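Shared between the two complexes below is subunit A, which pairs with subunit B and subunit C, respectively.
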Partner chain A sequence: MRHGRRRITWKGTALVLGAVTAGCTLVAYVPQDVGVVETPFVVEGAVGETLDLTYAQLTVTDVRVADTVTNVSEAAAAGGTFLVVDATWRAAQGPTALLGAEVTDPEGRRFWPTDQAGCANSADVQPGYSWRVTYCFDLPRDALAGATVRLARGDQKEEHAGQRRDAVAVIDLGISPEQADTLWEAADSVTTEAPGYPTTGGSAG
Partner chain B sequence: MAGRGRSRDRAGGARKVPDAPLRSGAMKHARTAGPDLAYRLGSRVVAAVADDMSTTQRVVAGVVAALVAVTPFGAWGEVEAQADPLTPGTAVEVGPFEVTVVRAVTADELSYLTPAPGNHLLALVVDVTNTGDVAEYTSTFGRAVPAPRNVGIIPQEPPAGAEAADQPDEPRLPSPSVLNVEDATSLTFLNPGVSYQLALIWEQSDRWSGTAVPVEMLELEWVEDDPQGLDDGHWFPNQVAFRGRVPVKQPEAGER
Partner chain C sequence: MTTQVTPPVRPRGWWRRNAVWLVLLPVAIATAAGASSFRVWAFWWPDGLHHEVDRVAAGEPAHLVNEYVDLLADAPEGVDATVRREVDATVTGVEQVDELPPPVYGDPVVIPDGSVAYEVRLRFAAKPGTDVSGCQIILVADDGTRYGESQSVTNLIGNLYPCAAPGAEDNLSDRPEWDVTSYVLVDPGARITQVRLAFGGPEYVTTDL
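The block that comes next holds the complex of A and B.
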């Protein structure tokens, strides 16, 4: 076995530097997420249509607006106007926590639901029967026309991180600019119902 | 035998006491050898570097060395920004919020908030609009407005089981309770483009009898990646961005 210091040659140095440079270039410029699905599987629909999200079926049954939402213990006034979205969930396989609820306007602004006055910002459903939930979103006037609601199992915080590789429902609420003006001017109050089995509908007053 | 031998050794050691100053002197020399060695090494390095330099090169090298030397002492740190004035009625930008201070009032109770006997509530009323693209927690805005100092705000209760030695010298003041003035309810989120009038509420001692409170608003800095925690993508309350005094409206007789 040969002992002693090995000579550092130009050839060896060039090989090491070349290997390091090639490695850095690969890490810096080759996309890391090729073939990895991070985006949610979006199921689009309309009000009244039942959507299959694999883990649950969802139907948005009604859309209303209100200046005030009330229940037996509280009355909450909107800073803009409350967009009240009634939905029915039916879990497909097992007990399911449905945490995602968000309205998006055509500008891409994202609005989250209030938990005031009996409004829900999530739902826990069991399989085998339908469960009615009312979401209330406080929106400015210019967000009504063209708004969509996004409901899902995963929550929408941290750029929808909880919805990666999972099904989400995006429902066009069908509000035209003309309807938006009419809805904004209406001074309605909605009395919310606690989440439960579907009834004939919420009471508007 | 061995025991007697050790005894003789000890006795011999005792007889060598006069040698002690010599050993002491040697140790003193050893102690001074460190700085000497460092000085000699430093001199040699400087001599080796500077000997072949021109005067101009020596000046430049000296300046570079001085700049490197002051770097660890924060010479290049950002100079602390001076807080801008905060005036009631004038809107300011705090992170994703546009904020206008409206007034400050005191009250005996507000909605479900009731102070302890001997205290009242101090409410700073502000108009707030989230100018961003996504809903923000109301508490994020609350953290940008620290409790006014030296006006009798009741300090935060120390955590249960905390030792007295662990307590900070200055009592920690609480974050405000935040209510929507319109309906006296708590809001979890502030949605984009929607304006609210909020009351930021602290408990204040009845012994305070001033006419204005100092109000500060902190800069909210967006933290995209948080290497010290797992909370990426959040607003961090940083240094004071706005500072001013807000007159306090006392309730009329019978109003409290």
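The block that comes next holds the complex of A and C.
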């Protein structure tokens, strides 16, 4: 195919360059509404409250602190103090891998769980039964007050990429600054239990 | 501003001039879509149950055929051979039970609070030497909830091969027909309408109750 009558003109060049420049400018400077595209559906709650995340129900049953966590084979000492979060999951649709677990402090710092000494950093559940899991987060002193725990099916890597457009539980642990001091001073040790069916009677506060 | 344009003797329209490219466009789109859909068959399709190969009423045998790569050379075809597995499975009973039988090993499992247990009985028929490892006996409720699909918790009574004949030594069948009893935890009040059977998928068979 020959197009002998085509000529490169200043007008055409300017049009193409102008269009490219306009396109690049739009992409670079127009704010993209990532909120609409990527934000998870956050379900907020408190300790002891059962939250419905559509794919599973979640109850944070207890929050403790510990300088060391132990199980039958291992003992782990905290760099700061361990925030030990006991949670119960119940899947709603089918087998579900629960990969997201993170503590956020009021400054926005994010802390991921340890897998030492029987602490879980994920859980595999399926419908038909509840499953108890213990997460342990090693926190500095100034992260305790106002901390929230964020638990979800999607993982929190890559700026919560695994949680886009999916339900996420954010639970206020209800730790006041005064309580944070008390918790920090406490020299407790927690023996973790392997994940399993919840025992009757709930947990002691 | 004027440009020197020689009028063509027989002006051809844009559609005519680009006819070849217009014909090629759907081909290019199909090629691009195919090339970028590898995740569907590479990741999604092999992971989970996606292909119902048979569907029967309760009491009728469901014919499950699927292929798998024999990494452990259990079948005589050799390591990494693709083996075709053919199993006939008949659901002979599904009922709620009040307690679980003693496990093969470990402590007895008590039915947890907030759960009920179902006993599922199946009759298998397959040629001896059929690999029955990785079997999933799934109860499906009327709302689509799938109980027992994850193999790790399917076998509440601790048997490594829930679909192997009672007393079988390993994961290969040693007789032409055998019966199996399995247990699944279910939400109280759930209405079970189907039993599904699979060996890791993506193929599975359904028995309507």
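One rule holds for everything that comes next: the second predicted complex is superposed on the first by the 163 of 205 C-alpha atoms of A that agree within 3 Å, B and C clash if a C-alpha of one lies under 4 Å from a C-alpha of the other, contacts with A are read in each partner's own complex, and residues count from 1 in each chain.
Quick note on the criterion: a residue touches a chain if its C-beta (ideal position, glycine included) is under 8 Å from a C-beta of that chain, and two chains touch if they have at least 3 such contacts.
Keep in mind the model is a prediction, meaning the values are calculated, not measured.
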Which of the two partners, first being subunit B and second being subunit C, lies in contact with A:P198: first, second, both, or neither? second
With both complexes superposed on chain A, which partner does A:I8 reach: first (subunit B), second (subunit C), both or neither? neither
Look at A:Y129 in the shared chain and tell me whether it touches subunit B only, subunit C only, both, or neither; answer first, second, both or neither. second
Quick check on the superposed pair: does A:A28 touch subunit B, subunit C, both, or neither? Answer first, second, both or neither. neither
With both complexes overlaid on chain A, does A:A76 touch subunit B (first), subunit C (second), both or neither? first
Figure out whether A:D115 sits in contact with subunit B (first) or subunit C (second), or with both, or with neither. first
Provide the residue numbers of subunit C that touch subunit A in the complex, in ascending order. 1, 3, 5-6, 8, 17, 20, 112-115, 144-150, 152-153, 184-187, 190
In their shared complex, subunit C is touched by residues of subunit A numbered 1, 5, 7, 9, 11, 90, 92-95, 124, 126-130, 197-198, 200
Residues of subunit A touching subunit B in their complex? 68, 74-80, 107-112, 114-117, 121, 137-140, 142-143, 158-159
Which part of subunit B faces subunit A closely enough to touch in the complex? 133-135, 180, 182-183, 185-189, 191-196, 232-233
